[in-house]
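Pasting a structure below so you can have a look.
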Amino acid sequence: MMDFSRRAMMLGGLSAGLIGMPAMGASLPKRGGSIRVATQSVSTADTLDPAKGALSTDYVRHYMLYSGLTRIGHDLLAHLSLAERLESADRITWHVALRRGVHFHHGGELTSADVVFSLLRHKDPKLGSKMASIAGQFVDVRADGRYGVTIRLSGPNADLPAMLAQSHFLIVRHGADRPDGNGTGPFRLADFKPGIRTVVVRNPDYWVPGRPYLDRIELIAIPDEVSRVNALLAGDVQLVNAVAPHSTRRVEASPTHAIATAPSALYSNLITRMDRLPSGNPDFIAALKHLIDRPLVKRALFRGYATIGNDQPIPPFHPYYNPAIPQTALDLDRAKWHVQRGGLQNVRLPIFCGPAVEGSVDMASVLQEYGARVGLDLAITRVPSDGYWSTHWMRHPLSFGSTNPRPTADLIFSLFYKSDAAWNETGWKNPRFDQLLLAARGETNEANRKAMYGEMQQIVHDRCGSIIPVFISLIDGHDRRLQGLNPLPMGGLMGYQFAEHVWWAA
Amino acid sequence: MSAPHIEVSGLTVAVGDVPIVSDISFTVPRGQVLALIGESGSGKSTTALALMGWCRHGGRIAEGTIRVGGMVIEGKSEEALSAIRGRHIAYIAQSAAAAFNPSRRIMAQVIEPALIHRIMTREEAEAKAVDLFRALALPSPETIGDRYPHQVSGGQLQRLMAAMALITDPELVILDEPTTALDVTTQVEVLKCFKAALAQANHGRGATAIYVSHDLAVVAQMADRIAVLLKGRLVEEGPAEQVLTAPRDAYTQVLVNAPHPVPAAPVGDDGAPVLSVRGLTAGYGRVVDGMPQIPVLRDVAFDLPPGGALGIIGESGSGKSTLARVIAGLLPAAQGEVLLNGSALPPRLEDRSLDQFRTVQLVFQNADTALNPAHSVRRILARPLQHYHGLTGAAADRRVAELLDLTRLPAEVIDRPVTKLSGGQKQRVNLARALAAEPKVLLCDEVTSALDTVVGAAILALIEDLRRDLGLATVFISHDIHAVSALCDKVLVLYGGTPVELATRAAFNGPRHHPYTSLLQSSLPTMDRAWLDTTRPPILRGFRVEGLCPFQPRCADAVPGLCDAVPAPLREGDGMRWLCHHSPSIKEPA
Amino acid sequence: MSGAKTGKASLWPMLIRRVGSALLTLLLVSMVIFAIAGLLPGDAAQEALGQSATPEQVAALRHEMGLDQPAPVRYAHWLSGMVRGDAGQSLVAGMPVGAIIAERLPNTLMLAGMTAVLAVPLALVMGITAAIRRGTWIDRAINLASLSMVALPEFLVATVGVLIFSVKLMWLPSIAMVSAEASWSDTLRSCALPILSLTVVVVAQMARMTRAAIADQLDRPYVEMARLKGASLSRVVLGHVLPNCLGPIVNAMALSLSYLMGGAIIVETIFNFPGLASLMVNAVTSRDMPLLQACAMIFCSAYLLLMLVADMVALLANPRLRAQ
Amino acid sequence: MKRSISLLVGALTRAPLATRVAAGFVGFWLVLAVGGPWVAPHPVGAFVDQDVFSGLSARLWLGSDYLGRDVFSRLLYGARYTVFLGLGAALLAACCGTALALWATLSGGAIDEVISRLMDTLISIPSKILALVLVAACGSSLPLLLLICALTYVPGNFRIARALAMNLAALDFVAAARARGERKFAIALHEVLPNMVHPLLADLGLRFVFVVLLLSGLSFLGLGVQPPYADLGSLVRENISGLTEGAPAILAPALAIAVLTVGTNLLIDALKPEDKR
């Protein structure tokens, strides 16, 4: 199990230097080798601009080419990267000291100008940054000498180091309005065809000595899961992400391949809109929560590659997890009682689900199956991925959402559960929750902070219509000769950052 | 005398267990021509093809023996038969237009038998083919082989097919109705060529031949022996002279005393014409100054009194059928008008009234295509009753029964699909459908051409009866000069779309004619076995020149410097109107 | 001969007429595409910014992309560009549409071409064999086999192919990796499975049409005549029948082959083939109208071109039409 | 109608063995499509097996699928969608295509040109992409699926029907009807259409196969029938990862598609009248 004891590091004094990556295989890291990696998403919108990264392929590409100020480690905490120091007294004004002697691929040393440019460009609406709303917190970003940067926030936020670890905030060369891959990352760009492939070669001048190990990586995307696994097994690619749970048997059956899995905070949740009826009826929500056979979902849908959830977004392995909340379980009698108490017999509601949300169609099937037994008529409406997020997600009394792991509990709660959040999926409003959330940001006492987050979890579990049956584990598949792959809960392919850590032991 | 060249005994060809022909036996001495004669469905083609070991429609030689020369035909494998077909036994099909491959050059097809059987090199075969073309009197024998089938005329194709058959010097040639699809004028040429070619075949020794035909007069010209088939059985076989002059079998006697139509009582030329055609010009393609791009009919005019009968004759392509289509409205005229009861019929279908439709009824040539194969007799007849008279239900049923009775059809055919009727019955239904409209004018377009002689004669007799009983004015379009001259009050002769003669029946049956009419009449074969050898050979010089006499290039009586220089005048007199420099009575230019 | 001359003379009006109706068809296609794409929820700006975008951001990007103009204006703008030969700028990739297409068109053409090279002769052999052996067990076997081929979902065919040839035997790659640098033999090997899968998809229909066209001719008198010359059935079919049914056969083939351009989406997906069909799907999901229109125009042109070629072949194969 | 049924039965009792077998298969599927759900041992979405992709057993005749549901029951439900959607779409396409073809043929000129161009338009937009757009725009529903499948195959049917109608329109019985003063509609309905039935029927059989295929292709793209229901093609698609282990969950629906489509076509082949080829 992971060790979460070193948690004070979220504050100013971040753990210095690099994270020692415990290798899974026995062999020692080795230089050389060329691999091909396949992720699951592809688009003509594939980009070299970190700010615009939207898909796993983008994140992987960006982490290969660029470096960030911080990065998330296996302890789920932020660690320093290009920043040598990242400090704040009030958590409003932060001081960054940059590592010296770091060079861009096309020459030129990394300076404060690059960082200021890279952070401020997110605020330009024309750019279309994915992090525009978060970057709104940057009231001011100023160069402080050649290697120093001062960031002033609109309010206290202890999680800035973790936020900056996201791929969107990777550092590009100043003045690069359309970044072309010129970064300080472990690999240099050799070929890029949007929607087709990315080829990178080893950056010999990488600022981390000895890294990376591989000479060349070709990154492609194979959206079809069966094809992706077939390509792995056929030896056409050496590493894939998002292996479906029922495909793991096939990978494990191959003597030359293995899967790498990590529990994660990724979840697909059933969203009941609380500002409408009957989905806002507490009895309706309670009935639904008791209609879900979580072990069945874990077993049948995810073949065990999941962690049972309890209708709140913080997974059991998270530092702030509240273990005191009782687990909700399948209870048809209780569900029926709620249905009758709420006068919900013969309610007919469509559940919007689709391939856009992993497992949603099958979870809806489970729900429909059990719902029929207690008198709820839930009709499955499967809609295509295309347009799902703009037209269906949160738009109906019952729909499914999917939330990727976020670096901090604050981010998850702020983005999806705060009353005024744009993505307040259920549309609930809980003043106590909002108050706790704001207080936790400025709270310096770690124990108090944990207690606050614990109460927030209890409130979401009891009152919110976000139904989270399980947290879905991340499953990568790889050639056994590819070593050093140490899964990270933040995302597949070691939180998309595998490139500089793995080596080829042929 | 040596053993017969062909010996067929006890031949039975069957499809499944149903015999098509049974117990056929005959012999043919080497070098002689045996004619197989009978009506359609009598099994004459089946018998002839069995000599090649070939059975159509899944048939097989069930019983009997066939010997050609020393060769056993029955029971041979396909490979062995392929070695004989086209090499020792050759076949000349009824319709050369269909039997030639439309997409390959003629020469390639003519020499193919020689190449398949590897008896000549390509060069030798082509040289021989050119020789045969010459012998068959084909125009430009050196180059005609380079053309495609659609680029030569039907009569030429039929001769080219003879060349194809003869190129391997076969010992037996099977001719399957080889002139049936041809005009009488062309038939004469082709028959002459065939006769000469057969005699010259096999390096002058002459080929043995089987000549299949329904036309006794044609057979009389060609055959040494005649075999008569009826419903799959051989009823009489013997020397041609004997069969033609002293037939023993009752059926043969019917054939020999060919049922010529009984002349109908003429109808007086009095009363206003029910149908008049004035200066009619029609054709296909864009119309410029009243002249279509491809003119088919030029300046046609006639009158038809109520109850009268007009015959229209001419070779194929002369525009006979087009005339019927123009009157019926299927093809709008470019110029001129059609008057019905004195008032002009709109040229286009869309502008005609229901009553105008009803009054003029067209009976199509081919009942096979004119009757919708998806329908029953009842539905076909009920439709016009409902359409014109609003009759439905029991009233319509009664009228349908009446129509069947009127056309001498048995009542039980009423619910049969038309595909299950015989040819004659179909033509009667075709006629009944027209009568259902209760028309005043009946346009009969070659209504007997697809029928056997006897059946056709019965149809003609029926139409004649109906005309008399119902007072129908009838336009008879036909290539059968006998029938037209017997039945019609007036005869219009078309040549290349131009009316060259319009004669009363008396005048038409008289001795004086337009040269083209004379040619048509003299081209009709007779039972006289010497007829073919005494007819005049055809003439062809130059091409038709617009404005001049259209028949001039083929006219035996054309006067150089006159006919090829001055447009022919329209002359009138003695019950005739004709387009010629010659006066019909004298053979000198007038 | 005069036939050849008049044939040439009548070819031009026909071609001009065809080009005219082709332009009409292209216009119709672009209008239909524009209209139905208008039904789609969201637009390129929204899709590009994703879920997190604020309305102000979307509005700004929309203005940047010119999406704030009314639909007819955008269509007219696109059309006028098209008339000048400018397919416009991709809204999403920020590159000229022509450049994106140029990346993929050769791939699709190569895949379609190679499939045609394999499928057409195979279909001809199957169809001709079945026709020659009409009514025998060979005919029935080919009929059954081709029907079964038509009946199997193409993703199943492709997946079975991958499992056997890539995963099990490791003879062929499971994904198609085409790049300009790869040698011909590498490309061929890499595309072998997609080509085979597509061949299975199209060959059956072509073979059935070939057989039907030939069988239709076998009852013609000229076939009997050729047989009575002593020609074997295979000689008759190859030498006599085939030239006469070239028209319908080529037509059926052209129809099937036109499917290879835009219909190959499933094969492209399974083999990760960078072709036009997946590009078009991509254009739909990212609401990239200029790209979508360009793909539609290419598919439509390919279809029209194939049909034109088919008609020309039919015309040239038929001396009667040729001489008109 | 009664007459055509008795004709069919009569034809079948006299038909060769292969035809009767084909008819048997088709009849079997029709019965399943209508009655399948009543026979199904388990509800279509019920999770009845702990194991996934299990083999044949006495309890689960055709094993379990990728989620542990009963394959046999799902197959019975799936047959309904495939048969009815397939037949419905093929029939709809045939009706529209033939009606347009008759209209175009008998009108000729500009109307023919416009309809033909419209058909070209429809045929040159890839059907699966059209489906993608329409489903994204209108949401997935059975009527929409039916419409998409029908729309896809209208042009193909139109081409064939137009060629047939052109040939028929040149025949004398159509000229006879025109000379009788019949209106276009009556000519199309009474004279031309009855003679197109058999070739169109053969075409219908093939279109049926294509629709079944298109449906499975659409399910591949996630545009198919709504879960927990699935047509046969979707069953193949959702269980495709069982292919390596040869699970009945994928083999059974694949086989079912083959039997259904091949059977339909063999039956239609056999019903072709002898005198028309």
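The first chain written gets the first letter, and so on, giving A, B, C and D; residue counts start at 1 in each chain.
The rule is simple: contacts are C-beta pairs under 8 Å (C-beta built on N, C-alpha and C of every residue); 3 or more make two chains touch, one makes a residue touch a chain.
The chain list, named the UniProt way, goes like this: A = Peptide/nickel transport system substrate-binding protein; B = Peptide/nickel transport system ATP-binding protein; C, D = Peptide/nickel transport system permease protein.
As the structure is a computational prediction, the values presented were derived from the model and not from experiment.
Q: Taking each chain's centre as the mean of its CA atoms, which one is farthest from the centre of chain D?
A: B
Q: Please report how many Å separate the Cα centroid of chain B from that of chain D, as a whole number.
A: 48
Q: Hey, how far is the Cα centre of chain A from the one of chain D, in Å?
A: A distance of 45 Å separates the two centres.
Q: What whole-number Å value describes the gap between the mean CA coordinates of chain C and chain D?
A: 23
Q: Can you work out the whole-Å distance between the CA centroids of chain A and chain B?
A: So the centre of chain A lies 89 Å away from the centre of chain B.
Q: If a residue has to touch 2 or more other chains to count, which residues of chain A qualify?
A: Residue numbers touching two or more other chains: 226, 385-387.
Q: Would you please write down the residue numbers of chain C that are in contact with two or more other chains?
A: Residues 40-41, 159, 163, 167, 269, 284.
Q: So, with touch as defined above, which chain pairs make the list?
A: The list of touching pairs comes to A-C, A-D, B-C, B-D, C-D.
Q: List the residues on chain D that touch chain B in their complex, please.
A: The contact residues of chain D facing chain B are 171-173, 175-176, 178-182, 190-191, 194-195, 197, 275.
Q: Help me check something: in the complex, which residues belonging to chain B touch chain D?
A: By the definition above, chain B touches chain D via 325, 328-330, 349, 352, 354, 357-358, 361-362, 364-366, 369-375, 383-384, 387, 419, 433, 437.
Q: For the complex, which residues does chain A have touching chain D?
A: It is residues 226, 229, 244, 246-247, 250, 296, 299-301, 303, 354-355, 361-362, 364-366, 368-369, 380-387 of chain A that touch chain D.
Q: Which stretch or stretches of chain D touch chain C in the complex?
A: Listed in rising order, the residues are 113, 116-118, 120-121, 123-130, 132-134, 136-138, 156, 206, 209-210, 212-213, 216-217, 220-221, 233, 236-237, 240, 243-244, 254, 257-258, 260-262, 265-266, 269, 277.
Q: In the complex of these two chains, what residues of chain C are touching chain B?
A: Per the touch definition, chain C meets chain B at residues 1, 3, 220-222, 224-232, 235, 239-240, 243-244, 317-320, 323.
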